[in-house]
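Following this line, the structures themselves.
Both complexes shown next keep subunit A, but they swap its partner, so subunit B is in the first and subunit C is in the second.
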Partner chain A sequence: MNAYNSIQSKAPAREWSRYRFPRDLFRFTALLACLLGLMFAIDFLGIDLARLLTLFGRVGEVLSERYFPPDVDYVMQGDYLASVVETVQMAYLGALIGMLIAAPLAWFASWNVTLSRRVLYPLARLFIMASRSVHEMIWTILFVTVLGFGMLPGVCALVMFCIGFAGKLFAEEIEVIDMGPVEAMRSAGANPLQTFCYAVWPQIQTAWTGIAIYTWDVAFRAATVVGFFGAGGMGWYLKRNVQQLETERVAAILLSIVVLVVISELISAWARHRLNRKRDANRIAIEAEAA
Partner chain B sequence: MSILQVQNLKARYAQTGDDILKGISFNVAEGDFYAIIGPSGAGKSTLIRCINRLVEPSEGSVSLFGQELTRLSARELRKTRRHIGMIFQEFNLVNRMSVMDNVLSGRLGYVGTTRSLFKLFPRSDIQRALELLDRVSLIDHVDKRADQLSGGQRQRVGIARALMQDPQLLLLDEPTASLDPKISRDVMQLIRDTARDLGIPVLCNIHDVALAKEFCNRILGLQSGRMMFDGKTADLADSDLERIYELEVL
Partner chain C sequence: MTHLVSLQAELERSRRRRQWVQLLMLALVLVTVLGSIQVIIIEDTDWDRVGSFGQIMESVGRFMALDLSLIPHLGIPMLETFLMACLGTLLGLFFSLPVAWFGALNVTPSKRILYPFGRFLMTLSRSIHEMVWALIFVAAVGLGALPGILAIAMRSVGFISKITAEAIENIDPKPVEAIRAVGGNNFQVMYYGILPQIKTVVLGTIIFEWDINIRRSAIMGLVGAGGLGLTFFRQMAMYNYGGVTVVILAILSLILLGEILSHYTRKAIV
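For the complex of A and B:
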């Protein structure tokens, strides 16, 4: 008899099962419910799965017949290029103003450091949630209805979008900070604003910069289409050509949007990468020092 | 003369309503180095935090130089907190700030908001910070980031920050729990000597009974929110310690 067997033989005889009742019953029931829901949805909407198989072929056909070749000359005109610049400026203004409003809102909407848990916290949460719950295109339609056509409703829509988007992410970063320094500043008699600047801000600075870059990225993507609903920029040209069935121009516009979004994403990915690298370098230096 | 008077202090958890402190009374006199000992969960940290109202007491009174602290408005409380320096177990430094800025942050209660936003501390404050950093032997590390220091060095920054407040009372919340035994003794020694030089009484949470006996002249024994002992260190008998820690099990 080897050591393993001798230990085994002394262990008291007990039943053991991986499965627990009723926990696992609930889990498997939930899984089953999801699958049934999927089947029901496909059946309810009358989706013919066989048609999906021919999808790619048809997409290729339509693209090559109607959208090819893209009318590149059209997107190289001065008018259209000016609308590109407008779009960039609209995104810039929207993102900047939106984040300037989102920053204090995020402070109020963070349970751990908010100025007032009874009043400001729920109000700020509600405002951020309200901005998020309405899609940016719906905001555009709303603002166009109120303010009329032009850049202003576009900027306003993007501001609302950025408040919701950045506000939520900003607040999440504040809520996971180390509260030790906050306690230290409070115990030294610092007021709430000083506490925020000295104990909270240094801890969230890097994360907020990353979020700001990301927000700009998403705002720019949104800005390329808000024109579709009358708020100016490239989207307006898109809408007009779609309605006039100028499919080759539409192809060129879509292509230009893709190119611009890719460029913007590359730049922001590069910036975020640099930010992370700086943070990592810092951490490595600290660990080296400690060792 | 007693500087800090605590009477029938009670505190409870907001959610469950259970009392953490069940009526604590004691006096800290000039020149005292007062230790609060007791098992984990006895309420030591809560007691310390009730003094400067980082935790709101539910009942009882805390008076510092005759001023009742429990009834102060937010603004008055901030003014009073300036005179109570606090040193923490986890140091509570701002890692991404320099040693200098960490020490200067002890002056936030004195510097106006606008000035402090731009880190425009008066020249005299900077001079004072340099003196204190010299005193805690960190003058060569002024421009380092706080997270580049060792544990003992960080706690010395914490001490300098607390002294920057020109405190009339020092609160210590387990100042040595994150440090190794030798550094712990050095830190306690530094605090005792400095407090003695500046004539500041100290109230100190500590779980290491040997350190408490070595450095403190008075001891308060806590057990699940009740006072089990209050007296001179010399009067603390082994039987008292047994009573304080009797409920603690592995």
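For the complex of A and C:
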């Protein structure tokens, strides 16, 4: 025991520290840089932090004084309810056409099954990325400028939005498929279309259905406001009342949007849940067959 | 043998029934689509205003005459848009911490009241479009970058807190129990037991959301919060279509930059 202690005391005492030299230097420098960046951003955008502190009180005040009793009668009118139906139809049509265009694009834009990696792949990728990057509001404004007011530009904007949204998800789903069936089809001499229909499609069918439901849901959310720039539906009523400072009507319209979106989300969640259960059941059946 | 035959007949019948249902669904979809096309595209559209294909191409052509003199004026709005997205995401993260805490079943302070409340906040935040959030905040705090940041933050809360709450629900409970057992208080449990387990998921989610938020902050100017949206709106108001295209190209390049940045940050973290 004694000998042990003496060895211990003779060994050079090692300094233990919570801080390790290079790593912590980098860490603190990064933190400092973030804080400086934050200060710069607040300064550059001219944000008054004192206003931020009293923000919630003021938001509450504005809402309770100006927006409070929402004018429910306004949103129960026939005109407005008709616009709700129009919005639903717009979202339906936009999502459907968008997905019909997105499906072949996704096929071209997935690296593993695309028809030509040199030409079609980058083109389809670029198209999907471009339609995704431009916000649906900007698409709306552009289509309204070209086509005039009405629901047609709204549908066109939603189509572009859905191409970007669904195209990306569709392509991601194709890229993770099992390549075995594809190779089998190819070696048996199938043409690309046959390969897609019989080797790729069965593998992505359920996933694409889920994405399609989700796309419809998101498109509806976007459709409620595309009218803000003149593309028909509920958004037009929103715009008009915002500009006329009819705040109680605005409150009622916003409430109706929230209620409708929540309903559509519930329906889509229920449908996707059922679909997933079916997919799990299918997978179990396939695994059982394989075993 | 007869058993097998009856089974086969049963199978045949169920297949036929399924085909009928599928056919019926298809017909239903077709009817609604045709109805919508009739109402929306044929009746509601002012075809004289749209004009012929040549006229459409002519108005598209006006967008193609790029107004390159605008480029030097785009630097500051681009930076504004970028910073608005960053601050909005940060503030959204800040707001989503309590929401995720309420909305995760295993750590929520009260399962009866706060859990449904947290879940409700998540749905509410996601279901209101960012334009609508921006309108509300412009009414409440006036023009400027602040309403844009708040709108982006409110829209981000839903997604960030939902993923965070799900990550918290899926953690390994053993470290939490261990810290409780040695007498850690609630804060210590969160900091040492839960946070290390969810860190990567949350960081990945924030980067993803930041990427989307650049897209959103580019339109905040349309309702009175600065940035590229305001430049876009001004060019539109001046009917300077070439300038509009340049602004859109600027938005695209900003988003491309964001995508590249988020790709490398995600690689560095995961």
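Methods note: the second predicted complex is superposed on the first by the 244 of 291 C-alpha atoms of A that agree within 3 Å, B and C clash if a C-alpha of one lies under 4 Å from a C-alpha of the other, contacts with A are read in each partner's own complex, and residues count from 1 in each chain.
Keep this in mind: contacts are C-beta pairs under 8 Å (C-beta built on N, C-alpha and C of every residue); 3 or more make two chains touch, one makes a residue touch a chain.
A quick note: this is a predicted structure, and the numbers were derived from the prediction, not measured.
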Using the superposition on chain A described above, determine whether A:Arg186 touches subunit B (first), subunit C (second), both, or neither.
first
Check whether A:Pro22 is in contact with subunit B, with subunit C, with both or with neither, and answer first, second, both or neither.
neither
So, does A:Cys197 touch the first partner subunit B, the second partner subunit C, both, or neither?
first
Scan A:Pro69 for contacts with subunit B and subunit C and give back first, second, both or neither.
neither
Is A:Gln205 in contact with subunit B, with subunit C, with both, or with neither (first, second, both, neither)?
first
Subunit B residues touching subunit A in their complex are 52, 54, 78-82, 84-86, 88, 90-97, 101, 105-110, 113, 116-117, 145, 147-148, 150, 158, 161-162, 165, 171
Within their complex, subunit C touches subunit A through residues 32-33, 35-37, 39-41, 44-46, 49-50, 56, 59-60, 63, 79-80, 83-84, 86-87, 90, 123-124, 126-129, 131-132, 135-137, 139-141, 144-146, 149-150, 215-216, 218-219, 222, 226, 232, 236, 241, 244, 248, 251-252, 255-256
Interface with subunit C, subunit A side, in the complex: residues 37-38, 41-42, 44-48, 51-52, 55, 58-59, 62-63, 66, 86, 89-90, 92-93, 96, 130, 133-135, 137-138, 141-142, 145-152, 155, 221-222, 224-225, 228-229, 232, 238, 242, 247, 250, 254, 257-258, 261-262, 265
Any idea which subunit A residues touch subunit B in the complex?
180-181, 183-191, 193-194, 197-199, 202-203, 205, 285-286, 289-290
